[in-house]
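Paired with chain B in one complex and with chain C in the other, chain A is shared by the two complexes that follow.
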Partner chain A sequence: MRRTYTEGMLYMGPAVLLSLAILALPLGYVLYTSLFDPHFTLQAYTDLLSSKLFERSLLTTIEVSVTAAVVSLLLGYPVALHLARQPPRKRALYMILVLLPFWTSVLVKSYAFTVILGRDGLINSMLSMIVGQKIVLPMIFNRFGVIVGMTNYLVPFVVMPLLAGLLAIDPALRRAAEIMGAKPARIFFSITLPLSVPGIVAAFSTTTVMSLGFFVIPALLGGPHDMMMANLVDFFTRQTLDWHAASAIGMILLVIVVVISFAATRVRRIAA
Partner chain B sequence: MRRSNTDPLARRYRFAGTGAALLVYAFLLLPSLLVIPISFGSADQIQFPPPVWSTRLYAELFGSPSWMQALRQSVIVAVATTLLSLLVSVPAAYGMVRLTFPGKQAIIALLMAPVAIPVIVTALGLYLYFSLFGLTGSTFGLVLAHTVYVSPFVMITIAAGVRKLDPTLEFAATMMGASRRTLLRRVLLPQLAPSMFAGGMFALLLSFDEVVLAWFLTGPNTATLPVKMYSSIQWEISPVIAAVSTLLTALSLIVCCIAAACQRTEGIEARR
Partner chain C sequence: MPMQDSPSRLISRRRVVASAAAATLAMPLVFRPRRARANNNLVFVTWGGTYKSSVVAGLIKPFQAATGITVTVVDTPDLAKVKAQMMTGNVAWDVFDAPGAMGASGSRDGFWEPLDPAMFKSDDLSVPPPTKDLAPFYTWAGGVAYDPKRFPDGKHPRNFAEDFDAKTFPGRRTFRNRISETLEAALLASGVPGPKLYPLDVERGFKMLDAIKPHVVKWIESTPETITMLQQDEADFSYSYASRVKTTRAAGGVPVDFSFGQTLNGLEYLAVLKGAPNKEAAMKFVAFALQAQQQAAVMNLLGNAPANKRALPMMSAEARRWLPDLSLPQNVVLNDMWWADNFDKLNRRFLEWIIS
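On to the complex of A and B.
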């Protein structure tokens, strides 16, 4: 046992040291900054809890995250179904259509959406051409723009766990239902959908947790009312230089993310 | 399968499902692909489709010292991050798969933590923590931050490669008197080369595209390409961004094909 322990440290030691120095210590320092000024105080937290700005951004964060996760699920499900139906070779080809956006920079997407959704953007100018007069639908620098951008980012993260879940369903179940005369809708609602619930739970929790920390999309596609917690951290760090407030928001965000992740793991274990 | 194809109702559902899936594929791909025609348009205004085709935006991009400086910085950071993360991740991934010792699960949790923790919190922590050592704004600091950020993905990729290795080869080499170094150089590394290549490509792209850590940790002289893109989308939407985006999309496409190729070989092995 002793030998494997030294050997373990030999192999994993460098990575562990790096993680401790560049991840654990900085996070500890955030906690410290949120609590000491210069003596122990909960001031930063109590100030936040009574601040309208923080309350609004907390609400926005939760609303946007849940909405984006739900919309991504609704869009990702047909894609996962479609992929699951393909023979393996064709599936690999269609997967590229999901993998390319997955690997595309969030900045490229945000920039493209400013062109698509903007005042004189693609959609507005196309609508204007069809109708024959100038149309300016407000689709950017508001909640709509944020949800469109985030959904576009999240769908690939929904498709992968859903696809894994759908592929795990025994095809014999569907065939049996079909032979016994079940209609396609019945097969979907009483076999495919219930058996894909673990995948849905996994996809929903991952995307919600990911969205909670979003920074770039709300900053570039949202308006002043769509500031999420990550944007508030940036605001306090770089605009007002209030590092205690920034650290307290960071800790609150971290706690929310960790609690939801643990809860989701529990739910998944119960569901499985 | 054939049965359901002859059922008109099933066919109609399938048709609708495929239609919905194709619409979502289009939504996913649109932003990544739209930047390509825009980048070959005119430099004065963003228009789609461009009235005149030209490569003026690329000339402007490659002729701009500030964009070139940011590009150079990104390449330096991404290459350094890739090398450093391979250096710590290859042995760690090997240890993760091959060794058992007390506390291993906790160590794996620590090494994988960067995936679960919102990047904004890590970025804030490093921003405050690096300022203690004067590392804020330095290239070295950003490389350390990026290494911790990309390493979980590199480790997962390489650990999958280690799992496919035949342990009897290592046993045989040791039996025949190979030293640890010979074992590594002649047996392990050659077999792991493909997964190291894939992991390295992921590290390169993740670092090259990363914006939040870089936004917090770089100064005016060390800003990377994503940081420059982020601020120019925020302040003045210059059409040059379309040219930058096209280059980033091309890079994503390359990495995505490599990822697809890796999956394909895994699929072949699974079928055997």
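On to the complex of A and C.
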């Protein structure tokens, strides 16, 4: 017991110290800024909670984040499943393909999407050519555009934890099921899917939490109704220099993130 | 070899001791680089991309040649960073390239050093400085931009009244996602005469905005989008800027055009940060930037209007074609001081209005 504790400290200590220095201290300062002006006051929070602007963008943020996470999960799961069945060398090659979009700047990708999804974009002109008359599907400057852009960014974050989870499943289980005559669908629903729940929960919670802070993609691909919390933080930080309000939003987002993470850990424990 | 001290070694050891002592004495100098380099160095924070290369070529290089002061150019003026520098007492920037609203809020919050009025002859300035701590650098012009192929002359709005008239000029509009500029455009459209615009009639402006809202496809966050929306046929009439349209045409690609029938003109200021480490050099830099010759050189490249009127005749004919005539009553100069007092509250209302 004693020994594992010392060992744990040895392994984790440096990382903990680093996090304390570069994360906890500034975070403490943000908390302080949200509460003192210059005396203790909850003004920043009460102002926010009574503001329609805050309420609407909080709601939008949660809607967009959850939708983006679910869509990423639906798209990423088959990819992870396929990768898990490949021999290691092929898997490494495919993994590079999954990570490719990762290495392009979000800003560049968002502008690229305007070329693909726009009125005269690739998809609309191709459809018009096939059908023989002008087709204009509204795919940009609305929620659809935001979700496409965010999903493109998030899929790698879904594939990685899912793949780890799928690879951890004992292959003997699958073989045993096959021997006993189970069809692939049955194997998937009674073995693979239940055993990959921890990976699903991890992927879902990570991508939801990441989405909460999105800024560039909603601004470029979204419509008037897709304002997210991060845009509001920017407004208070840089335009009005109201750092009390900006800090308060930051703390509220942090609380939401902590709640999601706790819930995810609980679900994973129950599933395991 | 016997390890005996040769004379040369002795000397070198003595030298080492001596230089160590000198170094110790010099420590305060090392730790106070600001004082040591006080008059031959300064940090200028300005915008990136072609803007920066224009300013470097037209202003910074001549300044360095004339004064011997080295200018370090840093990207992106950000008032939040100025505030942080003031709060921590660790001022790293000297001269700040401030768009109107930033300049005015900085002035309100006491971020800038007062400037010596002898620095510029106010008769020469096209717009008088609103405060003692802001030096007008140039004015930029905002107005209606369009694609001349889709909307030849007579088919596109030429002023804000026509831009807000969706019946006569049907089409998709864009405006900025901030209340400044947008509210002025709405009020001018509703018929308020330019010289009587301020103080802005907020309710009247919002009523006008209500009417145009269904025709607005996007409230634009980033300036380049005011052009790309037109090029990609996502919008028909976009609130954009003359200098942006000019540089877009120069670069090739889908050409867009800009109507000079009516313009909203914003000021760009130069300001010196309070407690700037190289204050003296910074003041020299601001004074130099306001001289007619430098103004002409920079504005030829930037495509904006010089704050110094004497620079105008020195500019190229091509560049002058892209400048609005500020003496016409329909061309309005934004009142930054009015916005410094009203922006926070009104922009919150505007953002709420957008999503409601």
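A few remarks follow.
By our rule, the second predicted complex is superposed on the first by the 241 of 272 C-alpha atoms of A that agree within 3 Å, B and C clash if a C-alpha of one lies under 4 Å from a C-alpha of the other, contacts with A are read in each partner's own complex, and residues count from 1 in each chain.
The working rule: a contact is a pair of C-beta atoms (placed from the backbone, for glycine too) under 8 Å apart; a residue touches a chain by one contact, two chains touch by 3 or more.
Here the structure is a predicted model, which means the values were calculated and not measured.
Looking at the shared chain after the overlay, A:212 reaches chain B, while chain C stays out of its contact range. By the touch criterion defined above, A:224 reaches chain C but does not reach chain B. Of the two partner chains, chain B is the only one that A:101 touches; chain C does not reach it.
In the superposition on chain A, A:186 makes contact with neither chain B nor chain C.
In the superposition on chain A, A:237 makes contact with both chain B and chain C. Once the two complexes are overlaid on the shared chain, A:11 sits against chain B while remaining clear of chain C. Once the two complexes are overlaid on the shared chain, A:115 sits against chain B and chain C alike. Number of chain A residues touched is higher for B, counting chain B against chain C.
Of the two partner chains placed around the shared chain by superposition, neither chain B nor chain C is touched by A:90. By the touch criterion stated above, A:20 is placed in contact with chain B alone, chain C being left untouched. Residues 111, 114-115, 219-220, 237, 243 of chain A are contacted both by chain B in one complex and by chain C in the other. Contacts from chain B toward chain A in the complex involve residues 3-4, 7, 9-10, 13-14, 17-18, 20-21, 24-25, 27-32, 34-35, 38, 46, 48, 87-89, 91-92, 94-96, 99-102, 104, 107, 110-111, 113-114, 116-122, 124-129, 144-145, 147-148, 151, 155, 205, 209, 211-212, 215-216, 226, 229-230, 233-234, 237, 241-242, 245, 248-249, 252-253, 255-257, 259-260, 263-264, 267.
Of all residues in chain A, only 51-53, 56-57, 60, 111, 114-115, 118-121, 140-141, 219-220, 223-225, 227, 231, 235, 237-243 touch chain C in the complex they form. Those residues of chain C that touch chain A in the shared complex are 78-80, 83, 101, 105, 109, 178, 216-219, 221-222, 225, 228, 232-234, 343-344, 347-348, 351-352, 354-356. The residues of chain A lying in touch with chain B in their complex are 1, 4-5, 7-8, 10-12, 14-16, 18-20, 22-27, 29-30, 33, 75-76, 78-79, 81-83, 85, 88, 92, 94-116, 122, 152, 155-156, 178, 183-185, 188, 209, 212-213, 215-216, 219-220, 229-230, 233-234, 237, 243, 246-247, 250-251, 253-254, 257-258, 261.
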